[in-house]
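The structures come next, written out as structure tokens.
Same chain, two partners: chain A is paired with chain B first, then with chain C.
Right, the complex of A and B next:
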């Protein structure tokens, strides 16, 4: 079903060896359980199912299984855009944890991606946070820099730092100290509808190679079929927007700062560089000039693109492999002739690597989530049950559960997860998984600075909206964003 | 003589008034004890937050610092707000939003109240139906209207395209030019039943004999409305308009859920902007300064509201 060129993926992976080598040479990385330099779909298949893990036994070394305690825990849970399969794994996880640690009174609360940061920040202002939190990858540094979090590294819960992706560990670092453990790592892929490609006169098995091609294909689809070509997303205050625009920005050679560099300093704002403006211009061309993307892009999120795609009204989008399962779930809700239409779309779903920029640069956001433990003074009740928190961290970031909790779409935070039997099962059951594992070496972490959430969730979408609505020209919108980012970095002005 | 007496009497009057007040307070001491719990609660949940918001408005709170590490900046936040283009844009949006929402909700409510004031078959059912927008959850209503307006597969677009009135669905909430009017329509739809209920109650107070007398005197329907009915609705209209205005100044749910203040800040009104500044950007200081300004405006409206109420009471007493 998946038809993207794996050989090319491997070559691409090798071409990004510089990035990988850098990650490998990082002082935190001594001997990872998997060989990152060999990373390819074939390599992932070769290591899957090669090692057995006993989560309860491993975690009992961190916190005895009969430990009696209480833990409050907030986490970014499943939301409307996630497949039912993931919902089930989340349920299974909490059942398994409570069975393994029957004497820990776990009070867990799931929040959506967009609500978690707001609620967590507000709770911390009143010293009423939970003892433990699982935050989106861009959030950790903000709270670490403010002193809300305790130091926490994989060794504290029985694992090694090398068991985790270096890029993911970097997102937990602030001023040389570690404040969290990765649970999962996401690198999205490019999805297209082969049937729409065929009807639009495009090669149904060949995704656009470059972002310029995306613009061209999107126009061709729209002009020939009268439907949206590419699923652009530009809503403010929604994680979906930076996850979809930054690969484009980086592909064209731009950036917010120098986050794609081997040793980023985040010293110089580059969002108004010629390359960055080129990326913004591509979005402008699709939305304004060609009108080839959903008009609702400014108020929509990716979850709104999913039904459009399933209805055969959208040709291409960036998303997780879990979207395949989402489509299957959505199909179950269809009725009458819509069922057949949905099935046609599902049969024609294709996944490939994210397109490159004009210079062959391919990049994707290195996303995911991390677990953190709070300092007692910011917790409701003023106490943190550390053994209980470590037990949960050990359980979630174990090879078994970090894999299962990322089963449908992303990748296990613990690299040993790739060696489990569940990974093997996953490779057999989840379509298009190869694509997302192939994208991992291209992953670029968000800038690890406290200002990142504001820049990514507010300034970047604002820039897109200013350009796409014509409120400002592309140049003005990029310059305006650069000015705002400079102000933010210069001490918190607007 | 008179003048001298007046001057000499003035301090005595003040003194007498002061003692009179104290005597009255002492006489009603048990009454004050009854309201004391409410006053204490109000001090905790209203007075302290107001004080803290005013205090916070003089501090800078960058995203890298905890709130307790805030930096004193004097009136910089106010200066920053007043110099900001976004402030004036948001302020204009807020006034447009408040003015048009209030006026149209009132007019529609008045029309409905007048129509429903006559007896006709199915009046009760119609009244119940018209109240629905006001009683359903604003969150649910916002999501429904978002779907109705959706620029790609919305109901409005489907109907217009289906009837051949448009080639493409209209861009209602993804355009800077149409987003605010589109949201005002939703707000008016939600609020007019409130005006209708208030004015229906007001219409019950219009004396029937006056209307009949006017009719006998040859006044047409408009004249009867303008010269008899409307003057009787003046008090309730003022209160309704003020309540609508305050409620609209404080609106949050509809613009936040439907557009998040976008696109390009075109539907940001004060409350949504303050929320974004505080919770999305953690500019607690600037958000507080905004809140203080909004508070002053609302207090001014509140003053007129109380005056309108007490004025009504005075008129009733005179009558």
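Right, the complex of A and C next:
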């Protein structure tokens, strides 16, 4: 277990400016149910288990429990590879909802992470969408701006806007109106293998402090042990890529626009600024100069790095706490000598804060998902059962279920979830959770503009690939990306 | 040793070298195609942890059939879903095959035997659909299916697969009918058979290999099709296997043994069908190569 003191790190690390920036991004500056200015692992522990919630009673005020209706719903589901614990909670959720609302015919469809957006877009073209959808955080504004979504705010389902992270609420806003409710929010952490660090001559209990250190450590691991140091991810059209490159970009002081500023305007493209190029250069150094990252990084997503890490062939990566649960599951299902090998991997897993840039700037993508209701004209059948949709939104975004559905992988969208008894249980059961809750205040939301999915999923990975394959120099790749973004922002196509 | 025998020996060596070169090439091709299948099978009997080991366990230290048990157990949710996907695929593929044969047999016969206005144009027109990449038709077909009320039904897939499979099936079968002597039908007609009886009792049995090849072709095409099934079906209850096995990929992790076990089971019907009927398939493909 890491000896890193996250409480001290968080207190020392959060600059007033960062926290103020986060809070200032709130559409409404009112009192949230938790004190964000005190946010630290100790504070999170102190509030866990301090309040009881009755989900059915709360939601009955939004939609009567005997309401009869029908709802079609798409969401990013959990599947065979996900931790058993999380899969069980998803199963329990739908059982609980159907028990609470026995007369609502819920037709739910789980889709995989990389398919949801494309499939949803196709369905909308044929006016055959579901009544309700739960999308990754970067999707909402795109569909709101195109007029597919109905207005939907927490107050519509019995909660207050202040019950949710301000940054998460912002990801649901388009032209001053709110189009969704956050279900869960996540900030990832830095994970490393202590045994690999030790064998490479590094301090096994201390992660790289800066991104320059990551480059250095990655090279050292590769040179000494002949394995990959850092788990670079550069696959195109996969959300994993921006989630892992943007912390690096922001750490070096760069950005796509000014998204890390107190009040971002997204007016000026900065992906080709000297700081941004510095971040891209770091990736280039690891992939081309040092060859210290997986050679398959150009087509890798996180699911490809995980096996390498668990097999002891990768030293460091950015990841969720759920990786720890995945490993526990793998050990549970292993047999014979594999059990001990799996235990060794578990014993060597360490989690820490994401490294900073040269100026001490630490940032991570503020991720998560939101629930949205579609306009009837885009729905298969042409009707939306609003009370049924609100019942489901109330249920999922409740303190209880927003916590349980994020149990192993992220954090509850509803801040009251941190006060539930399940949060207390979670803190006791899930190792390394402190790290990701500590990273939450460093979270920077993706730009809340309709073009974000195209920029993050296509342009940013393209820039990485152009530089790493040598098709363009680092400078040219960054300039090319800036040109593409300007073109997209002016209404053009890629 | 005479000059003639030296030439003969050298020629023989040359032949041997080519023969051995060919053998080595074939062995390499065999490895190229068989190793991934063997690796799929070996991974499917590993635990999740063993499947992630590097260097890999060439043969699992602790072989397990857990992934197969999970997939084939109708009492758990994974097994229920997988078996449902399997039956959905079987239903769609079988229905597509039956309809393709039912339409292609008379259509190909008509193109082979009858002379009617626009025959050549129509014959080439049936191939027009196959001259464009499938993805071009994706959204238009999706909108069409929605207008027909077929989205989220297996009917949408059957209809779509027929539009792709029929042209080639008709071409394949026409080649077969062209090689069946017309005199056989004339003889049957002289003996009192109607045109339909001559077709059904004389031509059909002789064209059995072609019909079987067409059926295999249609079945394999429908069984493996992904992009239209992925676009037209949005309900878990309706999904076919190629789309259904995506559930082994998650945002941050992949269940490799489960994926490989599902892929292995998915490949079984096609492999069995092909092994049982391959001689007809090969015969149908080479029919017409030699003029009778």
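Structure notes:
Methods note: the second predicted complex is superposed on the first by the 464 of 494 C-alpha atoms of A that agree within 3 Å, B and C clash if a C-alpha of one lies under 4 Å from a C-alpha of the other, contacts with A are read in each partner's own complex, and residues count from 1 in each chain.
We take it that a residue touches a chain if its C-beta (ideal position, glycine included) is under 8 Å from a C-beta of that chain, and two chains touch if they have at least 3 such contacts.
If you're wondering where the values come from, they're calculated on a predicted model, not measured in any experiment.
Using the contact criterion defined above for the overlaid structures, shared-chain residue A:299 touches chain B, although it does not reach chain C.
By the touch criterion stated above, A:341 is placed in contact with chain C alone, chain B being left untouched. Of the two partner chains placed by the overlay, chain B and chain C both lie in contact with A:313.
When the two structures are aligned on the shared chain, A:374 is found in touch with neither chain B nor chain C.
Residue contacts after overlaying the shared chain place A:104 against neither chain B nor chain C. When the two structures are aligned on the shared chain, A:144 is found in touch with neither chain B nor chain C. In the superposition on chain A, contact is made by A:457 with chain B only, not with chain C.
In the superposition on chain A, A:76 makes contact with chain C only, while chain B stays out of contact range.
When the two complexes are overlaid on their common chain A, residue A:115 makes contact with chain C while staying clear of chain B. A count of residues in chain A touched by chain B and by chain C gives the higher number to C. The interface of chain A with chain B overlaps its interface with chain C at residues 122, 125, 308, 311, 313.
Across the complex, chain A is touched by residues 47-54, 61-62, 64, 66, 77-78, 138-139, 142-143, 145-146, 151-152, 230-231, 234-236, 246-256, 258 of chain C. Residues 74, 76-82, 91, 107, 109-110, 112-115, 119, 122-123, 125-128, 130, 239-240, 302-304, 306-308, 310-313, 319-320, 322-323, 326, 329-331, 333-338, 341-342, 380, 409 of chain A are the ones touching chain C in the complex.
Within the complex, the chain A residues that touch chain B are 118, 121-122, 125, 142, 145-148, 228, 234-238, 294-299, 308, 311, 313, 450-451, 453-454, 457-458, 461-462, 465-466, 468-471, 488, 491-494. Chain B meets chain A in the complex at residues 60-67, 80, 84, 86, 146, 150-153, 169, 171, 173-176, 258-266, 276-277, 279-284, 286.
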